[in-house]
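In structure tokens below, several structures.
What follows is a pair of complexes built around chain A, which joins chain B in one and chain C in the other.
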Partner chain A sequence: MASGPGKGVSRTARGSAGPNPAGPALRFLVGRLLGGAAVLLVVSFALFALIYAAPGGAEQALAGPYASAEQRQAIRETYHLDDPLLTQYGHYLRSLATLDFGASFLMREPVTVSLARAAMVTLPLLLSAWGLAMIGGIALGLLAATRRGGAVDRWVSSTVVVAASTPMFATAILLTWLFGVKLGWLPTVGSGQGGIDTLRHLVLPAVAMGTVLLASATRVTRSAVMDVLDSDHVTFARSRGISSRRILGNDVLRNAAVPIVTQAGGLLIALTGGLVVVESVFAFDGIGSLLTQAIGARDVPVIQAVTLALAAAIVLINLAVDLAIFGLDPRVRRGRGRG
Partner chain B sequence: MADRPVTLSRHTWRTLRARRRQTPLLVVAASCVLVAAAVLMIFPGVAPHDPDLIDGAVAFQSPGSQYWLGTDNLGRDVFSRIVAGTRTGLLGPLILAIGTTLLATLVAVVAGYLGGHVDALTGRVIDVLYAVPPMVVAIVVVGITGGGWWIALAVLLVFGLPINIRLLRSAVIVRARLPYIEAARTSGFSGTRIMVFHLLPTIAAFLVAVFFLTFTYGIVDLSALSFLGLGVPPGASDWGRMIAENRAYLFQNAWATIGPTIAVVLVAVSANVVGDWIYSRYESRGRTR
Partner chain C sequence: MRTRDGSIRRGRVGIGMITALVLLTTACAGGGTGASSGPLTSVNMLTTVLPPVLDPRQSSSLASGSLLIALEPLVRYDNGGFKPLLASAIDAPDPTTYVLTIRDGIKFWDGSPFTAEDAAFSIGLHTGADSESINAALFAQVKSVEVTGDDKVTVSLSAPAPQFTAGLAQIGMVSKAFYDKNGKGVGTQDVLNLGTGPYEFATFTPTREVTLKANPGYWGQDGPAVQTLKLGVIGDDAARMNALQSGEYDGMLGVPLPQVASIGRLPGMRMADSADLSVYKFNLNVETKPWDDIRLRRAFQLAVNREAILQGALGGNAELAPTIVPAPVMAGLSGEEAMRAAYTKLGADIVFDLDAARREMAQSSSPDGVSAEVLVTGSDPTLALIVQTAAQDLAKIGIKLTVREVDDQTYYSAVYFGHKTEGVSIDMFSGSAPDASNLPLYVISGANAVTTGGSGTNISDYVNPEVDALLDDSQKLAVDDPRRGAKLIEALTLAQADVPYVPIAFPKVFIAGREGLDTTSLDTFWWMTQWPQALVKA
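Let's turn to the complex of A and B:
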């Protein structure tokens, strides 16, 4: 399953093969950016239409259940809620174009402020979970692949099958129970007051999110490295008497890098779903909690902003992965596609 | 993917290793799947208490002979609720797995066999949908519409399809170019007949993989959604719901939370292990031929 979203790369690159290596790269980049913008446009419209069609609109969120009919009407007029869908969407797009995301109904502050505050909490969590998964996964995967069939490999492989299918919130609950309730070592609620306290609050959520992804990173690394180890050029290098260490560095890692990088991006994207759940378990005030709170309170501008931010992040991650592969794999760079 | 030519020696060696490695884990996993299936089918007879019976007098009982895993904050029997939780906990993923397998197979076989514009269009759509994390879409869509369990199921089905179609399509494309398919076409067999009787059986291993992978993914995502309060109504005996509602009482009766958590983990992991095993068996059988 390693040949992931990279397929688009090879196709694009193949179509524009030229003598100048910067040409296809540039064209590729521009194409992807335009595609990303189109994706964001589609997401924003789909979301807008969904909110438009949903029962219990924004006026209920703004006015609360006790508002009079006149108050509701006033709100509907202020926010153009009686206009047809496309007109409303036009208004919305126009404000988006000036980077105005509106104000949160709930917190009475610009959405960008809420979003930035939550992002500052979420980013360390996201990056530490991702770092844990990638470093641990690559190390374990390499270890297992180079000792194929041995005790380490068997142990790693069966642990990976178990860990990869354990739901993130289940890991989170079990960790809370073990380290928070039974042992009392680490805090299980909130995101900390800064400094060491923040770090201590980060440990359990990061481990909870990282474990599942560490398992998939291990699995992909192991099979990617084993594929390369099985290839003829490694056998040939061995027969020439080149040391295992050099083979690992020169042949194996360079060739296995493409599926591993693809996976790294995939994991980061998969983390966005887990983020919501894990932040909810640990009452972490990040992007995930912001989204669930906004949905619960029908805080429409926040829902829109968070979803668009997530979509933009996903587009950027995919772009970064494709660019990394472009740099890593000379076959893609020269427009020959991947083997 | 698994379609490179493989030398026999390596294959035999790999299979042997895989068998030795997987046996103990597999036995445990297979028993878990069977027990879960049995509980689902005969559930009213198994539950020792009424799962929804509220009795404040027996709230927060510790595990014991009468209440095997104790009671929750409303005095409901935790074990009976876990048993009753198989309804949404297993039926949902089952529906998801069956639906995904059928739809993904249909699209993959037709697109892969016909090729050309149909296949190109399918590929484009998949490329776009592929990067979308189903869980985030489900949270947003179910949250905004206030829609229930079926909407959650539908969203997970639609956004879970691309990865499975991609997996199956690549398997179909390789096989559709083999000489025997060409021979069948030359013999004047209809496209439908070739797809159903000549292509479909050769990708059976992939179908099994898709089924079990989706089942696992269904357990994980559906229970996570109900944990967030999306999907099943409050108070329902659903594993994710139970975990969310009893979490605040971890100190009073931890089993009310840990019990359903273990149930989710056991079923998800077991389904994955069994699927993995069936897939590798089918796949290795295909290789020796």
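Let's turn to the complex of A and C:
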């Protein structure tokens, strides 16, 4: 991951970027993709082994508590649940090679269908919460940093501490009670039936998720911007009589971007981790709920698909962050490392 | 259906951006869902469980409340009995043969006729040892299902099964042509299902939400009561409260016991209760040492303070259980007087007496005490409360219980299917049919012990040939013969003397509904009835 802004990057520095960056960029990209694929392989095997070792199987969820031993056994045989671990995993890998992700034991549909449906619910939630946290965080962070020590800075700093210290589920319940129950403005549960209804259902969970992370984004932005404001090149620019607005746009934001972009990736990953809680509190039918249900029913194909999708998303987010930093920081492009 | 507190000053609420966002997206917001005034056109109810697929093979008990109003059964549960629905008559020329006459003129939503072939196909989905149906246990005795006439289906059984009719009331009839056409896709979100009921499936989110709309061409007199109906599941307690409080849902079918008081206090919410066909009980596995010692099991029973559990863990929302079959169900078969006499005696045999418990303990194989870990599942928080309450008194005689919470599948695997506990377990066993033999056949029949290769619902692995003979005899009698009740009572009395279980309490079923909804006539078998009609009749 990226380090802080260091000694700063100015426009003039960008102009002398040096050797063609395409070579290192390609090597970097291929290396990251290969690393990501290895991570996914390890994750999928670890999952398989864990589910294999867990008590109970899909036959219990499918056949129910009154099922006879013969009935349960027949179901285990249908789904090859009694095969050795490596045999089952081999089957799975062969299917994956043909892009066949299998079908849900419980919902009887291809897992890609279940996953796509859940993703259509979760992605807008993630992106809106992330957008709220980032846009709000950058705005508040800038505001606080440019008014260091003043009333606004103190207010922003103390407010974000409160927001960051509040557990996501508590924020969710409080917001729901206020805007859903007391004021009746917004629905408290469910993911909506499309259009404006879906948008209305999105507000409370997105705000609940975004509020907690808004604090982190604010703190990182404030600290990064203040670091740059203290640096020599900003002092020099000021001494040359360059306007504050230009300094902010050309020097401060550009240099503060590296930690902010790194933080943006981290926040998106953190949001992904919080999905299970938020989707439970708001009865949202997204990826988190799908995973919880699949684990409860030992629905192996769904557990595998959801977990791999999440792992892949995390790998891709990290890759995107690295590529963004590659573009933002000429030192990285020149192969001088990022600390 | 919600009221709004006009005294709240909106201007004070929210800060900058959040408020702006909220205002923007609520610009075209309506009020809560459900009906406002006049005749109800839509009802949104919470429930405890919904199926993963809209298919009778993957839905049983409470989950079927969403199916049986759309995929109608051959017979309908009605006030403790069964009345013909899609079958106009059910004849039993002998105890192992049922001849079903299919009602004439019934059509599926798509206009296609419901035929004897459809009925035979629908029953056949649940038969056979390798059936994937969750309802297969109800039809374990079915040998064959054949179409024997234009409107006749003949079902042959391998042994008499008085609960057969009750089983028929729990499975919806489906279209063979629809199943042939859609294959494995039947019941999924995109394909849904096809039935004959007053409500058609409209949308479906597996295990989360089912919406239904009125079927304008319904064949029967008792047509749809509302235009749209939504059933939803919310797992989180706080979210459930919010959804009811905000008016997004109009009530709940099966309020969890720990939430009965708080939901009952919501303004305008009415709560009705009725006896459940379920029993909370401790199971003592007679094949697991040291619980194979009857003295230890007696000591356990004597040291369980059931009254404290009833008032504390169950909050008074239950009745002490003298045995495992709720009194109204047994009275329906044996007669009120016979039931009362037997139950009074059975109840008197379960006393809380720590001195007597210590004496039994001293003479047991574990005079110095014994400890056991008891598994509970978070989906029923009452289980942990019962064990924790009982553990306080049991500790006084040297029986140390510890509680470990696990997920549902781990719990089921250890308690029901594998019997891999340390000899003591707690469960709430729910019957699958409103017949007095239902619970005894699952819980004390040797055929359901794991040690005999059975299903495992006999959690104690209690095998007593005398008890089994009595249960077998009871199955050979006519479904409403009071002598069946006498045989069952005798079997229960014999079993209870060996203490394979300690019955604690029969929980009540609570159904909440807003003003304008009538929940009073819905009992524990609401899911087998035309419940929307009963709900909106007020």
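Brief remarks on what is shown
Throughout what follows, the second predicted complex is superposed on the first by the 318 of 339 C-alpha atoms of A that agree within 3 Å, B and C clash if a C-alpha of one lies under 4 Å from a C-alpha of the other, contacts with A are read in each partner's own complex, and residues count from 1 in each chain.
We take it that a contact is a pair of C-beta atoms (placed from the backbone, for glycine too) under 8 Å apart; a residue touches a chain by one contact, two chains touch by 3 or more.
Source: prediction; values computed, not measured.
In the superposed model, A:A151 lies in contact with neither chain B nor chain C. Contact with chain C, but none with chain B, is seen for A:A297 once the two complexes are overlaid on the shared chain. Applying the stated contact rule after C-alpha superposition, one finds that A:T307 touches chain B and leaves chain C untouched. By the document's definition of touching, of the two partners only chain B reaches A:A270; chain C does not. In the superposed model, A:R108 makes contact with chain C only, not with chain B. Looking at the shared chain after the overlay, A:L99 reaches neither chain B nor chain C.
Once chain A of one complex is fitted onto chain A of the other, the partner contacts of A:T176 extend to both chain B and chain C. Of the two partner chains, chain C is the only one touched by A:F282; chain B is not. Contacts of A:T78 after superposition: chain C is touched, whereas chain B is not reached. On chain A, the surface patch touched by chain B in one complex and by chain C in the other comprises residues 54-56, 173, 176-177, 180-181, 280-281, 295-296. On the chain B side of its complex with chain A, the touching residues are 1, 10, 13, 17, 20-22, 25, 127-128, 130-136, 139-141, 143-146, 167, 170, 216, 219-221, 223-224, 227-228, 240, 243, 247, 250-251, 254, 257-258, 261, 264-265, 268-269, 271-273, 276. Residues of chain A that touch chain B in their complex: 1-3, 5, 7-8, 39, 47, 50-51, 53-56, 148-149, 154, 157-158, 161-162, 164-170, 173-174, 176-177, 180-181, 230, 269-270, 272-274, 276-277, 280-281, 291-292, 295-296, 303, 307, 310, 314-315, 318. Within the complex, the chain A residues that touch chain C are 54-57, 60-72, 74-75, 78, 103, 106-109, 113-114, 117, 132, 136, 173, 176-190, 193, 196, 199-200, 202-203, 207, 211, 280-283, 285, 289, 293, 295-298. Note for the complex: chain C touches chain A at residues 2, 4-5, 8, 10, 13, 17-18, 21-22, 25-26, 28-29, 31-32, 52-53, 55, 58, 60, 129-138, 140, 184-185, 187-190, 203, 205-209, 232-236, 238-239, 242-243, 245-248, 406-410, 412-414, 416-418, 420, 432, 442, 450, 453-457.
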